[in-house]
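Next come two complexes, and both contain subunit A; in the first it sits with subunit B, in the second with subunit C.
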Partner chain A sequence: MTSPDVLVIGAGPGGYVAAIRAAQLGKSVTVVEKGEIGGVCLNVGCIPSKAIITASALVSRMRQADRYGISVTGVAVDMAKLVAWKDSVVKRLTGGIGTLFGKHTIRVVAGTARFTGPGKVAVKTAAGEEAFSPGATIVATGSRPVEIPGFSFDGERILSSTDALALSAVPKRLLVIGGGYIGLELGIALHGLGSEVTVVELTDSILPGTDPELSAVVHRTLKKKKVRVLLGAKALGWKETPGGLSVEVETKKGREEIACDKVLLTVGRRPNSEGLGLDLAGLPVGPGGFIAIDAHCRTGAEGVFAIGDVAGQPMLAHKASREGIIAAEVIAGRPSARDWAAIPAVIFTDPEIASVGLTEAEAAAKGIETVTGKFPFGANGRALTLDAGEGFAKVVAEKGSGVVLGVHLVGPEAAELVSEGALAVEMGATLEDLALTIHPHPTLPETIMEAAEAALGHAIHIYTGK
Partner chain B sequence: MDSFDLVVIGAGPGGYVAALRAAQLGMSVACVEKEKMLGGTCLRVGCIPSKALLESSEHFETARDGLKEHGVKVAGVTLDLPAMMKRKDRVVRTLTTGIDGLFRKNKVARVEGTARIAGPGSVVVTTAKGEETIAGKHVLIATGSRPAGLPGVAIDGDRIGTSTEALSFSDVPARLVVIGAGYIGLELGSVWRRLGSKVTVLEYLDRILPGMDAELAAEAMKVLGKQGLSFTLSARVTGARLDGAEVVVEIEGKDPVRADRVLVAVGRSPSTEGLGLDAVSIATDGRGRIEVDEHFQTSAPGFFAIGDVIRGPMLAHKAEEEAIACVEWLATGYGHVNYDAIPGVCYTDPEAAAVGKTEEELVAAGTPFRKGRFPFLANGRARTLGRTEGFVKVLAHEKTDRILGIHILGPRAGEMIAEAVAALEFGATAEDLARTCHAHPTLPEALKEAALAVAGRALHV
Partner chain C sequence: MAFEFKMPDIGEGLVEGEIVKWLVKAGEKIAEDQPMVEVLTDKATVELPSPRAGTVRELRAKEGDVVPVGTVIIVIDEAGGAAKPAPEPTKPAPEPAKPAAPKGPPPREPAPPAEPPREPPARVLATPAVRKYARERGVEIAAIAGTGPQGRVTREDVDRHVAAPATAPAAATTPAPHAVAPLAEDRRVPLRGLRRLISQSMARSKRTAAHFTIVEEAFVDELVRLREKLRDEVEPARLSYLPFVMKALVPALREFPYLNSSMDDASNEIVLHGGIHLGFAVDTAAGLTVPVVHDVPGKTIPELAAEIEALADRARAGRATPEDLRGGTFTITSTGPEGGLHATPVINHPEVAILGVHAIRRKPVVRGDEIAIGHVMHLSLSLDHRVVDGMTGARFLTRVVRLLEEPGRLLLGMKQ
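Moving on to the complex of A and B:
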């Protein structure tokens, strides 16, 4: 029986960050991982998807190079090379985590963990089984893609996001089921690499849950790219045909057979809470399979913490990491809690979407009166020098006090710009604070400043009336 | 004679922003600009055209050398310089005509001509049609700056030119010598290097990017050097002369350098010649800059000055901020610029961006501080972009943890610095920055990690 101070189950961005933070605070730490260090995020999520998006954006740019006064001929994709580069990026980052584990003397056990009783964990490894009775246990087992009736992942025709990230050739025709961020990011990337793409989405809008004003801009560019988007449409089943696959889709106008070569199924993710022996640990599993936690990431069972995708929405890497830090600090006796004002969300579509804090609708639902300012990238000098004038920045503030409640962007580099908004919301800044902060010229975040000015009624580079 | 609440001389980012903001505040405003295009140095021959060329030339270099690794193949890549210049001109035109539109909507009277101060509240404008006198309750001088010269170097606007010429070369010079390793020299040097020139940068000091943090500048020099810019430091240029089709640049104590073109980028001087400052006794300092108080009042009652023509960093956003502060003070009695939080950006690749104090300044002032540093090599987003050069450095007060300066060398540093400015402006501590949730995978996570590193607890190094 081994008894580290802290046992972490799962080495994704939740688990590995918790392990490092606990080690920084002087705890002895063991991490159990059944797959690869880095979890979904580093191996089959955020990182490889963004690498492929980078390559795809390069291809698109080369196809339009004449815009910049460059003539480029014979643009082609070498998928094997692209995948090798993507893999090298993943390997460098996961290798980096391994090195950090070594420096912090964190023990890594390759195997599958399950609870065998309150405060007791057994790990099945290649060599057999090892029993642990740790001081505290952090469950960071993450999530996995879900399937729908009629569609089961086979890695060949019906692909998960993981399969799509490992494609060795660009499919000629791709049908994406599920128009959430994962489906659209990968769909747009593969479109850039040469696929003909159709998106089938059950609800009435792409990117459900996103401010419709933002998703509308992405929807427009999808149309421009000739990506077909079917909204309010349900995929019923599929069959093989001589030329590939045929997917039956129920649309508002009736049933339709859509021909394609591969189906990418991205309809959501489910927490990995089964098979963990949670009942033996005395841990009830909540609605949707999530483990319920309190403000300190504590579960209902003594000494057991849960973080990341398995502990609830939003299923985002930085939320997992933040909870990892909190759990580790709480275990070390530090005052730490999930009391953030805002968690940003970023979507690497074309153009990107990024959002932090409340939208107007969310504020209204809370009974807060708001003022909003908007500024288009089309009136921003930097955006024009980048040939990226699509989209806008929007700042939402409380009426009267002017306290910034949310910052929402759709446009070039939106993901890199939103952190300023997160800081503003986190620090309780007002519109005037953002407006009076000197933003360098010419840069994209000038749009945030001008949106704040617009909310105050006096943006400089657009006319807002008197 | 037309008479206005405010007459603005110059329609650069200082002047046009002042005119627009004054109109918003209900003043009647005229803006005199001698050039056909509004927008000043920045929009016509500064920030905007330089960034347009930087972007195009970066794509050219990527097309030539930066694709293979990412699995993208191309058969042929050729430069169409006239088309590249046309795109630049189009971007400039879109933005400058945008200012025309804003002037119309805000009812700012635009006067095309050269202004001269005639007396208290009186400005004479020489237009195509003759002279015209306009009266202003307040007169705001925003005449900006022009490239400074160098003794012994005769700028002929062709082989030996300034940034203005280097934004419009008709061909790619085989050898380009850049005199001055400030941001303008490095940006335009980078443009022509990417397009095929062999570029030599001569700098009088023993370092590049004077004024920026020394550690950052040293790293930038290493990276830019690897890209092929060649640097000669501690080089005092004593002259440049034409020798047939070549230019010979003489350096004190060193061998002369031969080039096809020379770009003189040794700074900028305030533009006040012919402006009639003497007519109302407006005082200037030893460097020819108009002296102002904290409300931008000159020594002559009713006359104000902002932007490159007064003290402080010669930057567009500094001019804009002064414009707003000056005009708001006139209208409301309030208006203030925080000179401790003016960011600077150099748009090389990687970009260099900074706000607040440098390490040297803190050491010199004896301020106790702690330093957190985080390399982009360890940032996931940088890896996925294949752009991992550089680092973020956060300097915070040793006792209070208040952020004193942030210095970034890296991809999109110019976009990232806005958050740093906000942090400084809000009086944030390094811990505030570290505890703000940063989205993954994004570049500003490096800023968060550097803030964590201030307390010795970065996660990813």
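Moving on to the complex of A and C:
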């Protein structure tokens, strides 16, 4: 029986951060990981997908370089080589975490953990089983992709996001089921690398849950790219044909057989709360498989904390990391709490979408009257010199006080820009604070300043009336 | 359509109010203008009426909570909107959970997430560092009145809140461990409502003002006779001695303006008041309340008598308005028959003087060279020595005694 101060189950962006912070605070820490250090995010999620997206965007750019008088010929994608580069990026990052673990003398146990009783955890390893009775346990088991009836991941024809990031060749025809952010990020990336892409989305909009004003811009570029998007469409099943696969899709107009070579299934993720013996820990699993936590990441069971995807929406790495820090600090007796004002969200589509805080609709639902300012990237000098004038920045503020409630962006580098909005929302900044902060010229963040000016009624570079 | 009712700024400069009592509960129908909650502001309990008709969806504050102005305290489903019979569960988490996972309809989606039990989404304007600072000091930041731009809670606000422990409801959330196990008969009563306010303001007064008290006696045979003669003429109001005391104070306060002043501790200035607005202590079931008779010089004795009675009635019923309690420049505390021989009254901060008026008793007095029976009233004057020196206070008190002993002198000040 081993009794570390803290046992962390899962070494993703929640778990590894929790482990390091706990060690910084003088705790003895053991981390259990059944897969790779870094979890989904580093190994088969955020990081590798960004690497592929970067390469894809470069290909697209080379294809349009002619506009700038640059002739590029013979562009060819060696998918295996691209994947190898991506893997090297991943390895560098996960290796970095391994080094940090070493410096903090955090013990890593490769295996599968489950509770065997309150405060008791058993880990099945290659060598056998090891029992733990830690001072505190942090459940950071993350989430996994879900399947739908008629489609099961086989790594060959029906791909998960993980499979899509390890392709050895660019599929000629790709059918994406699920027009959420994972499906569109990967779908657009593979389109850029040469795939012919069709997206099947069950709801009436791509990127459900995103401000429709933002997703509309992405939808327009999908059309321009000739990515076929079927909305209100349901994939029923598939069969193999001599030329590849045929997927039966029920659309509003009737049933349709869509020919493709691979199917990418990205319809959502489910928390990894099964098989953990949570009932033995005295911990009921809530609806949807999430573990309920309080403001301090405590669960209903004494000494058990939960963080990240398994502890509730939104399933975002940065939320998991923050919760990891909070859980570790609470275990160390510090008064940390999940008291953020907003969690930014970023989508690496083309163009990117990024959002923090409330939209007008969300504010209205809370009974808050708002003023909104918008500024198009088409009127921003830097965006045009990047040849990326699509989209806009939108600032939502409380009417009267001008306190910034949300910043929403669709356009070039939106994901990089949103942090200014997150800072504004966390600091309780007002429209004037944003408008009066001098932004360097010519840069993309000027759009946020000008959107704030627009909300105040006097943006310089667009006419908003007298 | 859900209507969110925010704690209004009931009086000028009000920063927070305490929820004394909810008059409605979740799920209940509510009419427009129906009283929904009793709120304690600076000394007054006020009933807030509902601005909308509909159904109460949710109460966002508990009785005893001190809520900053602008915080949503009740959510009402308006009658015009879709009828929502049952109160919805609290919508958790204010964050936009947007592209968390592609959200599709049920069949192919994981069930909607179990939202963890989260803190209510009270939007408190404060930087993350200040929020952390408040947590470290064990303070619920939502309970702190912010003084920064748009009501932002600053680090200094947190310090101030911590320094005034009476206002810190944090004690309620994290009960202090008992050093000694309480005896079986011990009972703990939370410091709430008027008691909390009294506790705060008395402690503040004692902490800041340099109290001293002068006691004098007044031979008030003439005043007693005068009142006997007049008492039937001022029906319906009951004619107490208080209007006479007030009238006697007017010329004295005019002569000694520093007694009719306030200490502005923030700016280190003495504010000499132009008007004479006299507060008088009323003993109510909930505790001591001090309504104010405004513009005492401009009112006749019967008018003063009527107003004193009306103010006292409202105060005893717990219905004093903020206006009733605001703007005093000097306070009188009549201790009544059980009030003792003399007292050391606590100044009603930020005023600088308070006059204790004790019961009139028949006593042996020296008249000429004889001992006779006379009516004697004791007066206890407490002063803030930072503003008023002993001799000034004594002269003032002598002047008041003179006017009470010879009420005819008040004629000298008459203008009509």
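The rule is short, and it goes like this: the second predicted complex is superposed on the first by the 466 of 466 C-alpha atoms of A that agree within 3 Å, B and C clash if a C-alpha of one lies under 4 Å from a C-alpha of the other, contacts with A are read in each partner's own complex, and residues count from 1 in each chain.
Everything that follows uses one rule, which is that contacts are C-beta pairs under 8 Å (C-beta built on N, C-alpha and C of every residue); 3 or more make two chains touch, one makes a residue touch a chain.
Keep in mind it's a predicted model, so treat the numbers as computed, not measured.
With subunit A as the common reference for superposition, the partners subunit B and subunit C occupy compatible, non-clashing space. When the two structures are aligned on the shared chain, A:L316 is found in touch with subunit B and with subunit C.
More residues of subunit A are touched by B (comparison of subunit B with subunit C).
After overlaying the two complexes on the shared chain, residue contacts for A:G69 are found with subunit B alone; subunit C is out of touch.
Of the two partner chains, subunit B is the only one touched by A:L436; subunit C is not. Shared-chain residue A:A379: touches subunit B; no touch with subunit C. Look at A:Y463: by the touch rule set out above, it reaches subunit B but stays clear of subunit C. By the document's definition of touching, neither partner reaches A:L409: not subunit B, not subunit C.
Once chain A of one complex is fitted onto chain A of the other, the partner contacts of A:A327 are absent, as it touches neither subunit B nor subunit C. In the superposed pair of complexes, A:V249 makes contact with neither subunit B nor subunit C.
Between the C-alpha centres of subunit B and subunit C, as seen from that of subunit A in the superposed arrangement, lies an angle of 80 degrees, given as a multiple of 10.
In the superposition on chain A, contact is made by A:A342 with both subunit B and subunit C. In the composite built from the two structures, the nearest CA pair linking subunit B and subunit C is 5 Å apart. Common to the subunit B and subunit C interfaces on subunit A are residues 316, 340, 342-343, 345-346, 426-427. For subunit B in complex with subunit A, the residues that touch the partner chain are 13, 17, 20-21, 24, 42-43, 47-48, 51-52, 54-56, 59-60, 62-63, 66-87, 91, 94-95, 98, 101-102, 105-106, 315-318, 320-321, 324, 337-338, 341-345, 353, 378, 380-381, 383-386, 412, 414-419, 421-423, 425-426, 428, 432-433, 435-445, 447-448, 457, 459-461.
If you check the complex, the residues on subunit C that touch subunit A are 2-4, 72, 75, 94-105, 107-119, 123, 125-128, 131-132, 135-136, 138, 141, 149-150, 152. If you check the complex, the residues on subunit A that touch subunit C are 143, 146, 148-149, 178-183, 201-203, 207-211, 266-271, 286-295, 311-316, 335-343, 345-347, 353, 355-359, 362, 365-367, 401-403, 406, 426-428, 430. In the complex of the two chains, the subunit A residues touching subunit B come out as 13, 17, 20-21, 24, 41-42, 46-47, 50-51, 53-55, 58-59, 61-62, 65-85, 89, 92-93, 96, 100, 316-319, 321-322, 325, 340, 342-346, 354, 379, 381-382, 384-387, 413, 415-420, 422-424, 426-427, 429, 433-434, 436-446, 448, 458, 460-463, 466.
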